[in-house]
Structure formats: structure tokens, C-alpha cells
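Residue numbering begins at 1 within each chain, and the chains themselves are lettered A, B, C and D in the order written.
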Amino acid sequence: MSDAHEVATELRVRYAETDAQGIVYYANYFVWFEVARVNYLKALGLNYAELERSGLGFVIAEASCRYHAPAHFDEAIIVKTWVEEVKNRSFSLGYQVVNQDSGQALATGKTVQVFVDASGRPIPIPAQIRDSLTRHKRA
Amino acid sequence: MSDAHEVATELRVRYAETDAQGIVYYANYFVWFEVARVNYLKALGLNYAELERSGLGFVIAEASCRYHAPAHFDEAIIVKTWVEEVKNRSFSLGYQVVNQDSGQALATGKTVQVFVDASGRPIPIPAQIRDSLTRHKRA
Amino acid sequence: MSDAHEVATELRVRYAETDAQGIVYYANYFVWFEVARVNYLKALGLNYAELERSGLGFVIAEASCRYHAPAHFDEAIIVKTWVEEVKNRSFSLGYQVVNQDSGQALATGKTVQVFVDASGRPIPIPAQIRDSLTRHKRA
Amino acid sequence: MSDAHEVATELRVRYAETDAQGIVYYANYFVWFEVARVNYLKALGLNYAELERSGLGFVIAEASCRYHAPAHFDEAIIVKTWVEEVKNRSFSLGYQVVNQDSGQALATGKTVQVFVDASGRPIPIPAQIRDSLTRHKRA
């Protein structure tokens, strides 16, 4: 990820993601966070699918979102993602959801991931991954 | 399942299941079919979670739905389920989605399931299960 | 809701709610919170579907969840729900997700709701509803 | 859409779309069909979001899918879409889901859409749209 400490993921709102209020259902922002998270890690050189095939992975320990303005069907969305904190067994990512056309911030969020082995037991973040996460932490 | 050849599963429409048209999003009927399918098999004495733990399972080979009238948030729904056909390695279930208060038929559907082993390879339906499915086939 | 200051909503984990880790996908806890929220308000005498038909409603301003242990397909789940705080235009609910069989706490969460009119503009919580929410606040 | 009678939509499998079998949950193919449908219509010059804002829209009357091989997390997917049939008030689209890397066909599907006015009543397909759909029908 060269020098970028923030990665932007582009999405387009699916009809499936809206609800009867005509806006994106609140839980779906966490799906977008997942898409952005996978993308962020790829930018760091970490392929989550490969990680899992190697018997490692992480589970979500915490997730939160503040909603500022609604998103609607077919709008172009950007989810900016960055590392907030790196601990021994967990790391947290921050997210900002932006309407690509208006530039309006729609939501901000955070997730905490805990590394686990194949049996789901927490383990220290592999050194190489922890180094990479730490190096790219947003100042 | 004593003598019943049709099992009724009760659901209540979740806000998450609606879309910007104010009605239940079309793909979610297939989620309801899954809930009804699991329930139907339990009525037959077959616990799908246990089946998977034993290394077996089935995958969906075909799914279809005809939509007659929309469902809305918080409506009480019944999904009637029955066996349509039993073959060597697959069986099909039929579904009717009904508005519990009005009695109106909202949708009808069908899914075909193929039994697979732990590696995902098609296998004959275990004899006891096939017998049970066949015995409960709707006339 | 007579005197109960906490309402328990029962769910059963759907296959659709699981992911490739074999556990319930983290965003789906927020769907459960919605089901529990609608149920909680009903216990208070507030039907959200009717509220929306009257031109009112609320939007989610904040949502968070801490995950303690995973949930799996077909497990019986209880979501306990209570009022945490009542302000002029918003109120917050707390949730605890429990495995019904083991009694194990799986997750705890919170959502903040802001009342809005038909055009999505924040409005004071209608007095009767605010009184009811306040009266049932968990001590 | 110049001369193309088939439009390809690219997707990447989200973790949220997988289930405990480690593959994409069967109902989510219909979400992909929606994304591909919206994209197909855009290629034809028809923006569905604008259509709805003008008081028109369509509802799904039928949906079906045959599953040939599973899709997994993070795989690159192409959904090819084409017009199958155009009637007075409805039209049907066909879909083929392909693994972009292997070229393997994963699923084929079909949906039937019925045009409705703002009150949900079926109406004839607006002439200009019907002409465009007819013109691009796959031979």
C-alpha cells in the first residue's frame, strides 16, 4: 500500500440494501464496512481469503456506527478505511461513509478484530501483519 | 410428523426484509423458504443442524418463486411446506406464502435439494430420510 | 407492558444469518436488535407499523455491539431489551443476546433512535411515547 | 447500449453473502440478479432510480435460479444479463453467473418484471422502454 494510510472503497447502493423508509437499512453499513475492510487489507498486501485457507482469521469483537445522513438506492458511495489501533491480539479499523457525488459524510464507524486460530481461539496477530498494520496507522 | 403432509411455519416480516418499495424484497422469500424447510424437516424428525454435524447435508440445485401480492413490515406470515418429489439424490419441496390475517396467498415457490457429503459431492439420500420424505409426499 | 422493564424476544438462528466462519455474521445482530426493538415497543403499547402509517417514525442515529461468543445455525436465541435513556428527540435501547439453552451471553448492544416526521426531519418524541419510555427505563 | 444484446456485471463475493457451508447462500444470487438488472437497464439508457422518482417502477412476478457450482468468498463474479421476452405489461430477463477467473458457469436464472404505477397497479410498459427492450432482445 505504498504510503497511503487510508484506502477508499467504492460501492453502489443495491435495492436489496434499502428498507421501507426508502433509505439504506442501518445494519447494511456493517456489510459495507466488511467490504471496505477486506479491500483495506488487500491494499496492505493481506488477502483475507488466503489467510483463512492458512488456518487463521479474525472475528469481530466490537462494531459501532454513527449515522449522519441517509443513503439511497443507486447512490455512489465511498467507504474510507484506516487503522485506528493495533494491540497484541486485536486491531481496530475506522470507517467513514461518504456520498461520492455530494461529498457528504453519511456515517462513521469502527470495528475491532481479534485474531483467532482455526478453532476460534484468540492468538497474537502474526508479527508481519502486526508490523504492517502498525506502520500504516493513521497519524 | 404424525400424519400431516404439510407443515405451517409462522413468521413476522422484519423491517430488514423490506425495501424502498415498502414491500418485502423478492430475494427474502427464499430466506423464508429456508426457515420453513428447516422447520418442515424437523417435523419429519430430521434435524438439519445435526445432519451437518454428521458430515452430510444438501445444497440447493434449483429455486423458484411466483409472487402474487406483496408482504409488508410486521405482517404475520405463514409458509406452508410440503414434499413435491423424491428422487435418488434429490428431493423437491413446495411452498405457499400466506398472509395470516387476510388468508391471501402471497407467493408460491419450489426448491430442489441435492444431498452431498462433507466434500460437496452428490450422494444418494440416506434410505431412512428418503423413506420419510416419500411417505409424507403430498398426494 | 405491566411492570416489566425488560422484554425478551425469542429467535432461532437462520442459515441465511450464518457466514463462512460457521457463525452468525456480525451485521445480523443488528437485525435481531430491530426485531427485539419492534417487540419491545409493542410490549409498551407502541406499534411501529401504525406509527409510520400516522406519518411518524424514527431513524437510527447510533448502533453498537460487543460480541462475546458466537451464535450458530438453529440455536435458540433470546434478545433482552430495555430503555437506557430518553431525551427530547431521541431515546436509546440496550440489548443483550443470550443463548437460550446454555444461558451464555453472546453479545450486548445499544441503538439510539431519533424521532422524525414524514420528511425525515427530527422532531420531539410525542409526549405519550416519551412518558411511556421514561416510565419503563431500567433502574 | 450500442449493439450489445448482453451486458456483463462484475461483482466480488462478500463475506456477508456466504453461509455456514462456506459458499454463497442461495438467496443472494437473486440480489446479484438485481444488481445486474439495474446495470442492464442502465446500459439500455433506463435509470431505474429515475424511473421510480417519476412515479413508475416494476415489481418482480417470478424469479428462478438453477445452481450448477458454488461461489466462494472474494471470488470475482460476472453476471451476464439479457432480455428474454417482452410482453405488454411485463418483460423477462435471463442471467448467467460465471466465475470470472475459471470461466465456469455457476448458475443461470430468470426474473419476470411487471410494470406498475405509483399505487402498485400493473400498467403497460411505456412505449419507449418496450421498444428498447424489444430491440435488444437476444436473438
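Here is the rule we go by: contacts are C-beta pairs under 8 Å (C-beta built on N, C-alpha and C of every residue); 3 or more make two chains touch, one makes a residue touch a chain.
These figures come from a predicted structure and were not determined experimentally.
Trainee: Could you find the chain whose CA centre sits the greatest distance from that of subunit D?
Mentor: When every chain centre is compared against subunit D, the largest gap points to C.
Trainee: If you tally contacting C-beta pairs, which comes out ahead, A-C or C-D? Let me know.
Mentor: A-C
Trainee: Hey, how far is the Cα centre of subunit C from the one of subunit D, in Å?
Mentor: The answer is 34 Å.
Trainee: Centre to centre, by mean C-alpha position, how many angstrom separate subunit A and subunit C?
Mentor: Each chain's C-alpha centroid was found; their separation is 24 Å.
Trainee: When you check subunit B against every other chain, which residues touch at least two of them?
Mentor: 15-16, 20, 23, 27, 31, 34, 52, 72-73
Trainee: Once bound in the complex, which stretches of subunit D touch subunit A?
Mentor: 14-16, 31, 34-35, 38, 47-49, 52, 72-74
Trainee: Inside the complex, what are the residues of subunit D that reach subunit B?
Mentor: 20-21, 23, 26-28, 30-31, 34, 52, 57, 59-67, 70, 111, 120
Trainee: Going by the contact rule at the top, pick out the subunit A residues touching subunit B in the complex.
Mentor: Going by the criterion above, the answer is residues 15-16, 18-20, 22-23, 25, 27, 72-73.
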